[in-house]
Each structure stands twice: as C-alpha cells, then as structure tokens.
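Paired with subunit B in one complex and with subunit C in the other, subunit A is shared by the two complexes that follow.
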Partner chain A sequence: MTTTRGNRAALVMLAFIVVGVPALIIGYQYGLRPALADHRVVDIEALAPENGGFSPDVVRVEVGETITLRFAADDVTHGIAIGPGLGIDLGHVDPGHVGEVTFTPQEPGTYTYYCNTWCSADHWRMRGVLEVVDPNSPGGVNVQLDPIIEALGAASVDIDSEPEVAEGIFPDRSRGERSLDTVEVPPSLRDPDWRLSHSPAEGLEVLQADNPDTPEDVLVDVVAYLWSETPPTDEISELFARNCAACHGERGRGDGPGAATTLEEPVAYPEVSWHRRGDIWYAKIMRGGMGTDMPNFGTLFTEEETRLLVDYLRYLSFTES
Partner chain B sequence: MSQAAPVPAQRRPITAGRAILLVLIVGVLLVPIPGFRTPQTHNIVIDASQFEFSPARLTVNRGDIVQVTLTASDVVHGFFLDGYGIDFRVEPGTSQEFTFTADRSGKFRYRCSVACGALHPFMIGELVVGPNELVWRASALAAVAVGAMLLHARKRPSA
Partner chain C sequence: MLLSRAFQPVAMLILLAPFVLAVMAGLLGTSAGNRNFGIVFVWIVWWAVLMVLLVPGLGRVWCTVCPIPAPGEWVQRRGIIGGAGRLRTRGLRWPRRLRNMWLQNAGFLVLALFSMVILTRPSVSAGVFVGLIGVAVGMSLLFEKRTFCRYVCPIGGFIGLYSMAAPVELRVRDAQVCVDHREKDCITGNDRGYGCPWMVYPGKLDRNLDCGLCTECLKTCTMDNVVINLRRPGADLAKPVRGNRIDEAFKALIMLACSIIYPAVLFGPWATVKEWAAIESFGGWLIYAAAFLIATLVVIPGLFWLAVAGGQRSCAGGLTVRRAFNEYSHALIPLGLAAWVTFSVGFALTNGSYALAAISDPFGWGWDVFGTRDVGWTPYLSGAAPTIQAAILIGGLLFSIRTSLRVGLRHDPSGETTLAATAPIAAFLLASTLALLWLYLG
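After this line comes the complex of A and B, so read on.
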C-alpha cells in the first residue's frame, strides 16, 4: 500500500522532471516572456561560421520599433557589434553568457550584426543582416554611392593595383612634428581631402618644390607627420584592434595570428604606405580586397570611421614599433 | 606506609638525544635555504591556443620578477594563475602584458579562464617557483623523524 503510493509519487515527480520542466522553460521563453515584454525580443545564437554562424541571420524591424537582441555564444568567445553608424558594441560574449541590447532604430536601411573578435579561420563571415524597414515605403531603401569610391572610379584609378614597396625611406612622424616649423608647407598639404587622394610620395614632390634647400630626409619626416596628423582616438585604435589586428597585427606589421590563414599575406602598412593613396586604402577597407581574403567592411563601418582608420594606418606606418 | 605515599609524576629527563632532536627540528624549520640569488627578471611570451599554453611550464626562482606577454592565436583565451590570483584575458591579434613577482614558492597551475571549446578544462600549464621551500623542509623534517624513530627503536629492542 505504502509502496504503491510511494511509487505513484515517484512517477508524478518523474513526469514533472521529464515533461514539466522543459514545458515550463519553453513556455517562459516563447509564451510568458514575449507576452510580458512590451516589445519584441529576438534570441540569436552565435557560433563560429564553420558551426553555423548567427541563427537567425536576418532580423527585420520597423523604423521606430523597439527591439531587444539577445546574443548567446555557444562555442567560443565572440565579440558582437552592429553597424554601420549605430554605435552598438557589446564587447566579448563568452560561452554561456548572453549579450543583450535594446534599441529603437530611426533610420531605415540595412545594418549588419557581426563578430569583431577573431573566432575561427572564417571569422569574418560571421555576419547577420538587420533590416530596418520604413512601414510607409517598404522596400524603398536608398542605396547611396560612396563619393570617395565613385571618384576613384571616375578617375579610373585601379584599386587592385599592386602596392609599390618603398625602399631606403624611413619616415618618422614624431621627427617630422619637431621639424614642421622649419619647413614651408603649401596649403594643399594642409588639406585632408588632398592628402587622402595623394600618396606621401606625391606630397614629398610638392613639398620639395617649395623647400629646395631642405634635406630630403627632413621633408620625408614632415610628410609622414602631415599624413598622420590626426591623433588616433581610443575608439579608432579599438576599432582597429577588434577588426583588423587579428590579421594585420596590432602594430600593422602584417603579423597577426590570422595571417597564416589568408590567401595572400596581409599587408604590412609601413612597407606600402609611402606610395599608397589614402582613398585606395579607403576603398579596399570598404569594398574588400579582390581575391586576397581581405573582407569588406563597407557594411560595418561608417565613412567617417573608415577615413579615421586610414589615418590610423598612416599613424602606425610612420611610428616606430 | 611507604607504599601509601603517592608516586610523584615522573618527569622525563632532558637527555642529550632529545636536545639534539629538538635542535634538529628547529633547525629544519628555520634555517634559511641556500640558493636564493639576486632576483632576476624574466621576459616570457606565453601563447594561448586551443588547447594548450606554450610554454606549458615555467621555472623561476623565488623573488624573481616575471614579465609576461600573453598572446592568443585562435580564439579568446584567459590566463588564471593559481595561488597568485592573476587573471587576464587575451584576444587574437592583441597582446596582454603584465608583471608579477614570484614571491610564493611551489608549483602553481595556470589555466585558461575563458571557455574556449571542448577541451578547455584541460588547457593547463604550470609555474614552478623554486627552490620549493615547503617540500624541502617537509622532507627534512620527515627524515629527522624517521631517524629519531630508528634510534629510539634500537635503544629499546623489545619490551
């Protein structure tokens, strides 16, 4: 009698554990929580691309609709950010933890949520699309052409030309800063847009024309300083460390741990910086390198961030490591 | 009459043997161990990858200054050093530098502190801070005890 009652109690307990507990969890996840939340909550599983990447990898949201995205990493640590221009960076999300962000997109367009911590050989493929749709004009997303890349195309500049390697030239921006006052600097070299569309080597020719008596190595240093005039902010060096350093190395010497996995060796900036136009770098970052494994960042970075990154590459190139 | 008088508790006489034993024990516990040299500075690059540290074993002397440059070559890893309470995380492409003084002797494990995959729990290395004072003193103490027991047993072969 007692045994039977005990058995029955054990059966009820077992049924609760096997059926009840999962039902409670699933019920909370898909029933209770969405019902209680005043806005949509989307759970996104984050795995290295070899294991499936983001799922779901497309999230649609309307302009002005508040949404919560919860990113759960299941294999290794990922870094979660959403761009361009949303300024969302959740930092590292470790396995077993959840990175959460709640926001209300205001601008219609296509955004990308992506991993910005090297997580596997295919790390850069770890991207998902956040579509922000205007309910009044669905499907009407304006595609804006990038003026800098358009200008390169109009001038038929070959973005994929092999970089010319500078030899026998050792530009140093801090030496250049010290001798800046001793040199006559023409206004064009003061103009950030002019500098973006001209290589330091071209700048040296212009500077030499105005300062025929100054030794060349002094002018080289001054050009190095002018081309890296913008001091890097913490945000930009962080952006570089997160997205570029894994292959290009934290000092931009092409020696990051991901360098062994790419089709072509990652560029070491000091080698090519002297003959490289900034707008070509800009285009390569935005569009990616053709056949080199350099991914495109145009769907992640704003135009301003990319320009600052180009300045940072100059800064790394012309600073002793 | 004399049998009724209580026998006073016998005090153990301090024999030469006991005195020597006491001196030996105190000596073993307190004598400074030779081999402490001027502290050196070690510059060590430790690379963390799935699922090992390279190098997986570090040997330093007590008092040495250890400057570590920690790198990761595949995914995010951590470096937790038992006994020293040191915990850092490192992501591929950036290096993490830290310095500590090896002021505790012994063998300490360092392990990955960020879940990095299936074999993450086995990602372990060890730091040996020598000479290992505790082990040496404990062995010497054990040797003294064994010696004293042997002597004691020989003095009284059987009851």
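After this line comes the complex of A and C, so read on.
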C-alpha cells in the first residue's frame, strides 16, 4: 500500500500547511509588512478598561515623524480621539473594526489617546499616552505649566473645597440680556479673565456698588447673562455631550446615567454656579476632582476648549433655571 | 475517485489549511468574534454548510474529510496517503462499557454548556480545536483505529445520528457475498486499503449511524460488493434498534432539547439568561448549567418517556416502555434535524455577511486581501427567513410523525394500535414544534 511518492508530496503539503502557512502569515504581519511601510505603523488594541484598556498604552514618536496609529476595538464600540490640540477624532470604532489615522506631529509634548464614547463603567480610565519627543532633546517631553492653575495655587485657592449651594437665587440669563441696557456695567465685569477668576456672587457685589437703586433680582439676571455671555458653539456642546454628560447629565444637573457609579455625586451646575469661580472649574476639568471619580481632561482638552467649556457650564446653569 | 488512496487524505489536507488558519486566528487575531476567521468560518460558515447541506444531504460525508482526526490517523499509519507495516499504536480495545454514545453525549453537553463562550471568543474556540486534535492524536496512539471518532467525538455523535435521515448510504450489494467471503478484507485490510477504521463490518451495516464514510471498504473489497447508494431519506429510521440503545435515544433527545434551548438563549428576550450562558457571573452560569442539564437530561426525556408510556398503555402494544422509548426515539430525528437546520439557516442568513470581511481580514489586522474588509453586517432574506424556517420545521414535524407511524406499523402491521401508540408521541412532537415556531416567529 505504500505510495512513497504520494506520501512525500503529502508530507510536503502538510509541512507547508502546518509550518509554512503560519510562518508566512507571522512573517508578513510582523516582518515584511512593517518593513514595506514608508512610515511606522503601530497597532493598538482597544478594550474597555476593565478588560485591559489600550495596549500598548504608551507610544513614543519624534517630532516630524509620520506615524499611523491603528486602533482595533475588540470588545465594544469605542470612540477614539487624540488630544489636546491635535484635532484627531476617529469617531466610533465598532467591535472587530479598525480605525486608523496617519499624521505627523509637529509639537513636542504629551498627548493622550482616549475613548470618548461611554464604553463601560470605567470608561474614563481608557487612556493612552502619545509622547512626541524632540529628537534634539530626546530625554524630555515638554510639560508646560498651566498659568490659570498656577495662579490658583499662588493665591492659595482650595480647588477641592466644597461648592456652596445658592439658595433663594434664581438667575436667568435671558432676563439679564433684556435688562442689560438698564444698568451700569463696570469694565471689570466685561473682562473675561476677571469673570473667570470671580464668582457671579462677587460680580453682583461690584455691580450693586455701581447700581445701588436697581433691584437685586435684576442685577442677578444681568450678572447671569454676563457670566454666560459667550454663546455656546456646536463643538463645545458636543464636547460636553461626549465627555461630561454621562455623569453630569445632558443639562448639567448631575443626573447622567453614570452618576450612580461615581464615588461622589456629580456636581449639578445650576445649584453651585452662583458662588463658584470659573477658574476653579477650569482647574477641576484640567486636573480632575481628587477622590471624586472626576477624571482629568487636561491631557485631552486645550486651554481654549476648557475655557469655552467653563462658559458652557455657566450657560447651562443660567438657562431655564 | 473514491477508490483512490489519495482521495481522503488529500481532502483532509485541504481542509486542514483553513483549520490551521482558524486556530491561528483564534490565538493571534482579534478577540472580536465577528471579525475573526476562527469564529466566522467555523461557527457560521462551516456550521451552516454542515447542518444545512452536508448532514441532511450527504449524511456522514463531513467525517470523510474532517481534519480533526487526520494527524492522529497519519501518525498511526506512519504516512498520509498510505503507510507501511504495522500501525503505530498501542492498539488498545475501547472498554466495552464505553462502546456507545454516552461519551459523545457528555462531550456535546459540555460544549453546549460553554457554547456562548466558545462561539464568541476566538481564543477559547481555538483552544477547543487544539484540544480536540490533541485528544484525537492521543487516542490514536493508545487505541485502535478511529476510536476517537466512533466513541468520543462530540460532533461525530450527532452527525451519525442525523445521517440516518440522509438520502445517501454505504452498503453492501449482497450480504451473502460477505458471508461467503472468508478473507474479510474490509476488516483486515489489504494492499489497497486499511481494515475498517470505524470498526464496522460492512456486511452487517444496515444504518448510517456508525459508518464514517471513510471509503476504505470501497477500496479493500475484492468482491466489488460495497457501494454508495442514493435512497429514500430517513430509510434507517424505522428499522429495529438492536440491543439496548438508550444512549442513542438520549442523543436524539439531547439534540432536540438543545435545538430549542439554543434559540431561546440566543434569540429570546431573556437577557439575564443570555448573561448567565455567557458566564458573566459564575453563580449565574451555575444556575444556567443546572437548568440546562435538567431540561436536556430530565424534563424533555421525561416528557417523551411519558408520551411513549402513555401510547403503550393505551394500545397494549406488547412493547416494554424502555424498548418503545428506544424505538420511537428515532421519530425525534427528523424534527431535531429540521430544528437544527432552521437554527442554522437563521444564523447563517443573519450573520453570513461577516464572512466577507473575515475572508479579507482573517485576523482583524487590517488586511484587505479580497477588498471586502469593510463590508458591513447585512442580514440576508430577513423578510423571507421566518417563512423558510416555519416551512422547514413543519416539514420536520410531518417527517417525524410519519416516522413514528412507520415504527408503530412495524410493531403492529395491522395498524389497529398504531394511532393509539403514536398519538402521544405526535403530541410531544407538535408541542416541540410549536415551541420552536414561537421562538422563531414570535
């Protein structure tokens, strides 16, 4: 029965199937494919944080080096973005699909790739670090201090102090806008930087000094308008919806679907906005709320985005109150 | 072609390639099952082809080409196309107490209990494939011939059972030729082929259950007495069951029970049950496992036992309930097969489009070999599927009722007691069908 020639051919075929095919596949994927690419391709597995998060979670690239990042969502739908300031948002990547982006970073610094779609209870921990290093000083990555947070520190302002709840005050920016022409507004209240570092309650004191005969409720509304003067753009409301609404709620009232899972109850902005300084909110967003489950967004948002977000919180606070 | 020594090994080799690819994809590829070749091509494409085309149309033909026992068999034979000399095996006889389908039943139940994980997690799936090959190789080294396929393989068990309904059979032309032929090359083997690897004597083969269609006896028979016939579907089902084959009856009952439980878990509205089946919590899975085993081993067999006993009591047919339970269990085969075809048709139409993406990017590495990587999920014939499924189920019900009547008529050719004996069984079959129709049509 021996069929030597047939057996030899079959053995060759078997060796090819069992050894050759796997070797070819692995060799192509991990050897030939990267070698043929004209720039570096990094495959990143994206899993919910409970299942491991991003892998790898640190990618290092040089300024001016073109790189392709390929994010493979393996468990649930993730939204992949890279920030701050890179403007990269791959949108939804469904399970089994791959979202990829090719770019050439120009500024050294630490960036974050992150999930911006509610993917699990620990969604907020789903982050990875993109280190863009200057080849002339490869040892270090630029870490710039934030002047607003530095100023708070210098003034010994306690960022983590409990917010004071406004009682008996119902500011309404729409009424305030209508009353604006009837009051004398001092220049400081027109200055966005001054407003950022002062609460509306402090602004009311200044406004009352200049308008002693105007009823307080009118001045409250005017202050509400001034503190939410910047009209929200679609980009900022989208930023809020993607990153904040899950816990703070669509209207910022602390009633998002994730509110039940956080260590502390998420802030309801309309309740605390009157006595809260904007730079404290800015710092909270950038740095995170220590021990509250409020994550930091300083690695995701630019300073400008964060300031606009603070304005948006005021807008939510003083609308439909 | 069937007489060529190269036919079966080459077919196995060809199928070994996608099998190796499936294992590799499971171990190295994306963990998203719907984009992983290992999941998509085994549990959607292969399963649909097996259950919708191969088993109903060609019976055990999958066992002819199955790559799982191939490495073990080639090691045993010291060659692929044909070996030389003695088989490399301890040649142990399989214990007499295990020469039945109980291990296959148990193996299938174990796979079924973990199926939500096996069917969705590529690495687990790959582990099962490698495990099956490992067991097959190990058994080939220890035991004679295809002991693994005949007595252990959980897939071969139900393929064998349902192949009895297929319109294809391997038989001898004239049993007397076998009786008169002293050499019995089909058992001992000769220079043209091996003695039956499935340890079956073709001369007495009257059912498809145990014949693996390996084609060795076609090659070794010097009397040209072995043939493959086309026949009336289900020709084996009304034949008498030799001996006590309660294992076979339970195989039919387990398969029918699973064909009801699977769609209930996968497509039913009970999210909690699905979570339990997916082992999202161990406690939940324990509840699911207990309920599953009670349903498959106690409730459904118990109801069928009551139906058989009720029929026998009312007709005084002269059969013991145990004997009738064995005999009438064959009536479950057409409906069980129809239920699995229904399940597989729905599964394939709903999820078949994943195959287009998976064939272009089998590992989820971003390849696009055939330009179909980004083809989205598209259910096919979603409007017509329920009608097709209902037609298959009703066809299976009628076939099953007819089988039970044929079994009844064999025991009472006058037909006087047949209706009384089979009415409770028909009611059991009808209730099972209604449950399935409810699950598929809502």
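The rule is short, and it goes like this: the second predicted complex is superposed on the first by the 287 of 321 C-alpha atoms of A that agree within 3 Å, B and C clash if a C-alpha of one lies under 4 Å from a C-alpha of the other, contacts with A are read in each partner's own complex, and residues count from 1 in each chain.
Simple rule for what comes next: a contact is a pair of C-beta atoms (placed from the backbone, for glycine too) under 8 Å apart; a residue touches a chain by one contact, two chains touch by 3 or more.
Nothing here was measured: the structure is a model prediction, and the numbers come from that model.
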{"item": "Which of subunit B and subunit C A:A245 touches, first, second, both or neither", "value": "first"}
{"item": "First (subunit B), second (subunit C), both or neither touched by A:G96", "value": "both"}
{"item": "First, second, both or neither for A:D75, with subunit B first and subunit C second", "value": "both"}
{"item": "First (subunit B), second (subunit C), both or neither touched by A:G6", "value": "second"}
{"item": "Contacts of A:P257 with subunit B and subunit C, given as first, second, both or neither", "value": "first"}
{"item": "Touching partner for A:W118 - first (subunit B), second (subunit C), both, neither", "value": "first"}
{"item": "Partner chain(s) touched by A:I25 [first = subunit B, second = subunit C, both, neither]", "value": "second"}
{"item": "Partner chain in contact with A:I17 - subunit B first, subunit C second, else both or neither", "value": "second"}
{"item": "Which of subunit B and subunit C A:G278 touches, first, second, both or neither", "value": "neither"}
{"item": "More subunit A residues in contact [subunit B versus subunit C]", "value": "C"}
{"item": "Touching both subunit B and subunit C, residues of subunit A", "value": "75, 95-96"}
{"item": "Complex interface listing, subunit A residues touching subunit C", "value": "1-3, 6-7, 10-11, 13-14, 17-18, 21-22, 25-26, 29, 43, 47, 70, 72-75, 95-98, 100"}
{"item": "Subunit B to subunit A touching residues, read off their complex", "value": "71-76, 89, 91-95, 114-117"}
{"item": "List of subunit C residues in touch with subunit A within their complex", "value": "5-6, 9-10, 13, 16-17, 20-21, 24, 28, 30-36, 74, 79-84, 191-193, 357, 363-366"}
{"item": "Residue ranges of subunit A in contact with subunit B within the complex", "value": "75-77, 79, 92, 94-96, 117-120, 241, 244-247, 249-250, 256-258"}
